[in-house]
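Residue numbering begins at 1 within each chain, and the chains themselves are lettered A, B, C and D in the order written.
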Amino acid sequence: MEGKGKGYTTTIEGLKELFEELKKDYKVIAPTLKDGVILYKEVGSFENIAFGYRNTEAPGFYSLEKAEGYFTYTHPANSPKSFLHPPELTLIKAKASQEGLVFEEVYPEDKMCLFDLRACDLWAIKILDRVFLEDPYYQRLRSNLFLVAVECTYATLTCFCKTMEKGPVPKEGYDLLITELEGRFLIRAGSKKGEELLVSLKTKREAKKEDFEEREKKIRALEEAMESFFNIREVPQKLYSRMDSSYWEPVEKRCLACTSCTQVCPTCFCFDILEKNTIDLRESERVRVWDSCFSPSFATVHRFNLRQSIHSRYRQWLMHKFAYWIDQFDTFGCVGCGRCITWCPVGIDIRQEVKRIAG
Amino acid sequence: MLVKNPYLLKAGRVEKVIKECEGIYTFHIATEESAVFGQYNMLYAFGKGEAPITIASKGENYVVHTVRAVGDVTKHIDSLKEGDLLYWRGPYGNRWDLERAYGKTLLIISGGLGLAATRWVFEEAQKSPVKRLIHLYGAKDYDSLLYRYLYKDWNNRADFRIVLSNPHPQWKGKVSLITNLLKELDLEKDTIVFMCGPDPMVKACIPLLKEKGIDEDSVYASLERHMKCSVGTCGHCMIGPYFVCKDGPIFRYDLIKEYFERKEV
Amino acid sequence: MKLRIDALTRVEGEGALEVYVEEGRVKGLKLSIYEPPRFIEGILKGKLYHVIPDITARICGICPIAYQMSGVQAIEDAFGVEIPKDIEEIRRLLYFGEWIQSHALHVFFLHLPDFYRMPSILELANLDKELVMAGMEIKRAGSLIIQTLGGRTSHPVSVVPGGFSDLPESLSSLLEPLERALEKSLWAIQRMKNLNFPSFELKDVVFVSLWEEDYPILKGDIYLEGERIPSSHFKEIFEEFEVPYSTAKHSKLKDGKTYLVGALARFNKAHEKLSPLAKETAEKIGIEPPIKNPYKSLLVRMLEITHSLERAVHMVKGYKKPKRSFVELKPKRSEGFGVSEAPRGILWHNYAFDEEGRITKADIIPPTSQNMPAIELSLWQLLTVLDNLMEESLRDLAEPMIRNFDPCISCATHFLRVKVKDKP
Amino acid sequence: MKVGVFKFSSCDGCQLAFFELEEELLELSRIISVEYFLEASSSNRWEHFDLAFVEGSISTKEEEERIKKIRESSKLLVAIGACAVSGGIQSARNFEDFSQVYSSVYSYKHYETNHYSKPVGDFVEVDFELRGCPINKESLKELIGAIIQGRSFQMPSYPLCLECKRKGNPCVVVAHGLSCLGPITLAGCGALCPSYKRGCYGCYGPIEKPNLEALEEGYRRLGKDERALKESLILSFNAYNKNWRGQI
C-alpha cells in the first residue's frame, strides 16, 4: 500500500540526515551488531546501525554474513517488546512513614524512535496495544513513540508472516516507511508526524513512477517466494477440538520448557510482579518482570502448578497464540516473525507443530 | 491519553476484627468505594506482595474480608488490629448473576473458605425476589466453621444447611460430604446454582446437578487461580481463553467446562 | 603433655595445631590440617583440557584466578600458543584484582584484628571504623575488577584457555573506585606503620619468587638464590612429599632447606620493581629488604595492594577491548607447565594431554603446602624459647604467627585428615 | 538472632559472600550475632544457633558426625553453595572408580575419606538452599532479609534461560553453536556465562524436573554426543543433586 502523501527518494546521506533529525527528539533504537548477532539497541551515531548484513535463520540456527546494500537482513533477534514492555520495570515504590505508607508511581519517560521495524514487528506492536490498552506504563512509552518501518525484500527460512497474513508488506501504524531500491531509498509517510519530518528533509527528491514500479517488483518477488504453511482461518477451531493431551504429548520429548520462545516473541506479554524490599523494610518496590507460561511456578495455586507436564505448558502457549488470543484480543497472538523457531535451543518449529496438530 | 494506574493502592482503616477460627479472621475495612457481590480486592502487605481476596460482604461504608493465613500476604493481613491501615486496590472481577434466579430456586453451594465468596450474594438473595433459597455449606471440621454468628439470622430467612466432614462432640448436625447433601435435595429443573469451593468439589457437584435436570448453563462457579495484575495482562490466571481475574472469577459452567474439567489446562 | 588448638581461626580453610610439651618446654609440634581431600587432580583425569580453569578455580574460593592463570598457561604451554600482549595485560589486570581482594581480605578481616587484640573485624570496627571502612573499600575495588572482567567476584566465568570468552567494551566505571582505593591504601599504610610488630626474625629460610620484567605476578621463571630456573624444572629443585602427621603434602628444596613463597619473598626479591607509589611508600615507612619479620608481612601486603592498584589504574586508563578476546587452541599430545604468583606465592600446574586434548596427568602444587615447613619452623622458633607454655596462651601466641603467612588451607588439593599419634 | 557459619569439604568461596556484605555486615551485626564463624573470628561459641549456614559437602565420617551435631544445635539450617546443596565438584568422583581417583593423587593409603561426596541434605534436614558455585551475596541478603522480616524466601524456580533473556542476551546455542546447560539450570546467577559469550556450565544446579532427554537431543543437534552431555553434567558442580540423581 502507498503511504499517505507523496513519496520521496533519498540516498544514504538522506537517511543519515533523517537519523540526526530523529535524534534531536528521540532516543533512537535501531539494529546494531553485537557479537555476531543483530539486536535492537539505543544507537548514538548513524554509523553504529548494522547495515549490510544478511541473516540466515533456521530452527535453532542463526548466522550473519556481509551483504550488498543496507536493509539486507530481516529483523533483529530481540523485538520492540524489550522497549515498550521492558523485561524489568519498577511500577510503584512504597515507603514507610509515620502516617503509613507513601506510594510513588514511577513512570518511564523515554521518548523513543524505533528505527527499522518490519511488518511483523509493526503488527506485534499493534497487538501489544490491545493487550496493554489500560496499562499506563505501556501507554506512556507508546504515546511517545516514533516508528520508522522498512519493507522486507528478503525472508529467512523461519519467516512466516505471509502465512499469518501480517506481512511482508507493512500495512499501517508507522510514521515513516522506507523501501530500499537500487542505490536509493523510497520513503513515504504514514502519519502527520512522519509527513512533517519527511517534508523538512533536505536530501530528497519526489519519487517517480519508476521508483514505485521498482518497489512493486521487489515486493511481489518476495511475496511470491514466501511459502504458505497453513490456512490460519481453520487453525483456531481445529485447535479447540484437539486439546486432548494425546495431540501434545510428543512435544514432551523435545521441549526443554526453557521459556526462550516466549521471551523472544514480540507479543508474549506475561509477567510477574516482584516485591523488592530493603532489609530494614523502610522501602519496597513493586517490579514487573517478564515471566513465561513455561515457568514451573507460573500457574501455581496453593503451591501446586496446575500445569505440571511440559506438554501441557506447550499446549497453553500454542493454544494461546493461535486460538485463545483471538477470543481475548480479536487477533492471533502470532505475527509469523519466526523468532521462537530460530531461538529455540532445540529447534522446535511452531509451524510444524501447528501443522501436525491442527493440519 | 492518560489511563488510570491499576496498581495504585488505597488505604483504609481496620474497623473491626472478628476471629472466625484458628488462622481465619474477618475484617471490616472503612471505605466509600462501591463494589458488587462476587468481586474481589487485591490486598497488599508492605514488602511482601499482594493477594486477591474476595469481598465477603459490604456495609454502608466498609467492606468485609475474611482471610485465612496461608502465606506471606495473608499472614500479614491476619496480624492487623483494629485501627491499623490496610492497603489494597480494587474491586476487580465480575458479579454473581443474581437476577437470573429471580422467581426461581437459587441453590448456593459453598466449600470451606468458599463461603466468603458466597456470603454477600446469599445475604442479598435473602432480600430479593428469589422463590426458594437453599444454601449448602460444607466444612472440614467443627472448628473451621465461618460466620457462626450469622447462622441464626440466615436460618430464619433461608434454608441454610451445614455438613461437616469430621464429627465433633458439639456438632449435632450432619457429618457427611456435601455431595451427599446435594443428592438428597429435591430441586426444580430451572434451579440456578452458585458454587464456590475447591476445584474437586465443584467437579463432583456437576454430574449430581445434571441428574436433577439442571443444565450446566444454570450453574455458576467462582474459581481460584494464581493472579498478579488482576486486569488481564499478566497471564497467570488464564483458563482456556479466559482471564479469571477480569472475565471471572465467576463463570457460567458451560463456558469453562472444556477447560476446567480437562487436566492441566 | 599435648596442647592443642582444635580449630585454627581467621585462616582460610580449617586446621589444627598440636604442640608436645615436656616440663613446660616444647618438644615437638605439628600443624595438622584436616580439610578433607577433594581429589581435583583425580577428577580432571580423562576430561577435556578446557575444563581446567573452571574446575581448578574451585580448589580455592579466595584465589581462584591464580588457579585459572596457572592452569590456562599450562594448557597454552602444552599446545604451543603465544598469547597476544593485549590479552596478557588484561589477565594481569584481573590478577591484580585478586591480589587486591585477597590481600585486603587477609590484612583487614583476618590479620589486623591481631594487632589490636580483637577477635574479629566486627569488634575492630567499633574501635577504628575509619580503618575498617578503608579496608572494605580497598577490597571492593579488587572485587570490582574481577566482577567487571569475569562476571562475579569469586570463580569468574570469562577465563578460558587462549584468553577470555568475552571482554567488556569499556572499563571506565572502574577508574574512580580504583583511584579512591589507591588513596585509601596509602592512608591505611600510614595508619598501620606504627602498629606494634613483635620482634622476630625468620631463620634458615630461603625466599623464592618468580622472576618477571615487572614485579612478578602472572608468569616467569623461578627465581632461586640469584638463579632463574624454568618452571618445567620445578620438580628438580623442590621436593614434594606426603607427611602422615601433617596433612599437606609438604615441599622443601632438594637440598633439604626450608623455603618460603609469597608476599615477603616477592618483596625481598623484587622490591625495586614495585610501582612508583608503592616503592616510595616503602622507603618512607622504612620497609626495605630483606624483611625477615613475618609480622611485617602485613605492611608488605599493603604495599602490594598499593602496587596493584596503581598498576590497575594505569591499565584501566589505557584499556581498549582487543579485537579478539581469545586465540584458538589446537589440542595435541603434549605436556605443559604453568606458574604464577598467587597472593600467597608460587602456584605451579603441570598437565599432560592426549591428541584429543584429554588430560592424562594433572599435578598442582599450591603455595600453602610449600610454606607449611616454614610455618612450622617459625612456630618452633617462637615456642621453643618459652619456658612455661600454657594451653591458655597457645592460641594467642601461635595463631597470629600462623596468620602472618596467610596460609590458605582451602588450596587443599593435597591436604588430608590423618589420625593424630600420641608421640611426635 | 544467633548465627553460625560452618565449613565442610569446600573451597571457602561461599563463605566469602559474608565478607562481601561489607558495610551491610556491620549493619547486620546489630541485629544478628555471629556466634561461630572460624574464618572470621577467633572468638567462637557453639551452643544454640537460630540460623546455621553450612558450606561444603559431606565427605568424611567426621563430617557426618559434625553435621548432625550442627543440626541438633540449630533452629534453621541453610545449605550454601553447590557443595552443600549437591556435593560440589568433589562429587564428580561419585561417578568414577574411587580407588583410581584416589591413587592418582595420593600414594599414602590410610587417609580417611568417604568414597562419595554427598550433599548436606543426605544426612540432615535442610531448611533452605542457596544455590551457586559460589553463592552470591544478593541471595544471601534475600535469605537473611526474609528471616528477619518473617516472610518467605524468594528464589527463582525457573531455568536460567528466562533470566538470560530478561538480560537481553541472544542465546549462545543458536548464535554461536555452543553447548549450554541453561535450559535445565536454575536461574539466580544473572546469566553470567552467556553474558560473557559462553554456555552455562550449570553451577546453580538443576531445576526441579530437568528434561535431560530433550537436552540430549539439543547436544546431538550441535554435533555433540551423549558422552559430552554426561561429562558436562558430572562437572557441573551439582552432579549429585537429588533433582537428577540416578539419571546421569
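By definition in this document, a residue touches a chain if its C-beta (ideal position, glycine included) is under 8 Å from a C-beta of that chain, and two chains touch if they have at least 3 such contacts.
Bear in mind that the values here come from a model prediction, so they are computed numbers and not experimental data.
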Longest centre-to-centre distance from chain C, chain (CA-based): B
Selected interface, B-D versus C-D, where C-beta contact pairs are more numerous: C-D
Chain centroid nearest the full-protein CA centroid: D
Computed distance of Cα centres, chain C from chain B, in Å: 65
Whole-Å gap separating chain C and chain D, where each centre is the average of the chain's CA atoms: 25
Centre-of-Cα separation between chain D and chain B, whole angstrom: 43
Between chain A and chain B, centroid-to-centroid distance (C-alpha), Å: 40
Multi-partner residues of chain C (each touching 2 or more other chains): 166
Contacts with two or more other chains, residues of chain A listed in rising order: 35, 277, 281, 291
Interface hub residues of chain D, defined as touching at least two other chains: 149, 197
Complete list of chain pairs which touch one another: A-B, A-D, B-D, C-D
Contact set on chain C toward chain D in their complex: 7-14, 34-43, 45, 47-48, 51, 54-55, 58-62, 64, 105, 109-110, 113, 119-122, 125, 132-133, 136, 139-140, 143, 150-155, 157-158, 160, 164-166, 242, 244, 362, 395, 399, 408, 410, 413-414, 416-419
Residue ranges of chain D in contact with chain C within the complex: 7-16, 19-20, 22-23, 25-26, 29, 34, 37-44, 59-60, 62-63, 88-90, 92-93, 96, 100-102, 104-108, 110-113, 117, 133-134, 136, 189-190, 192-193, 195-198, 201, 203, 231, 235, 237
Touching residues on chain A, where the partner in the complex is chain D: 34-37, 39, 60-62, 77-78, 82, 87-88, 252-260, 263-264, 274, 277, 279, 281, 289-292, 295-297, 310, 342-347
Chain D to chain A touching residues, read off their complex: 24, 27-28, 141, 144-145, 148-149, 154, 157-159, 161-162, 165-168, 170-171, 173-176, 180, 182-184, 197, 207-209, 211, 213-215, 217-218, 221
In the complex with chain B, residue positions of chain D that touch it: 149, 151-152
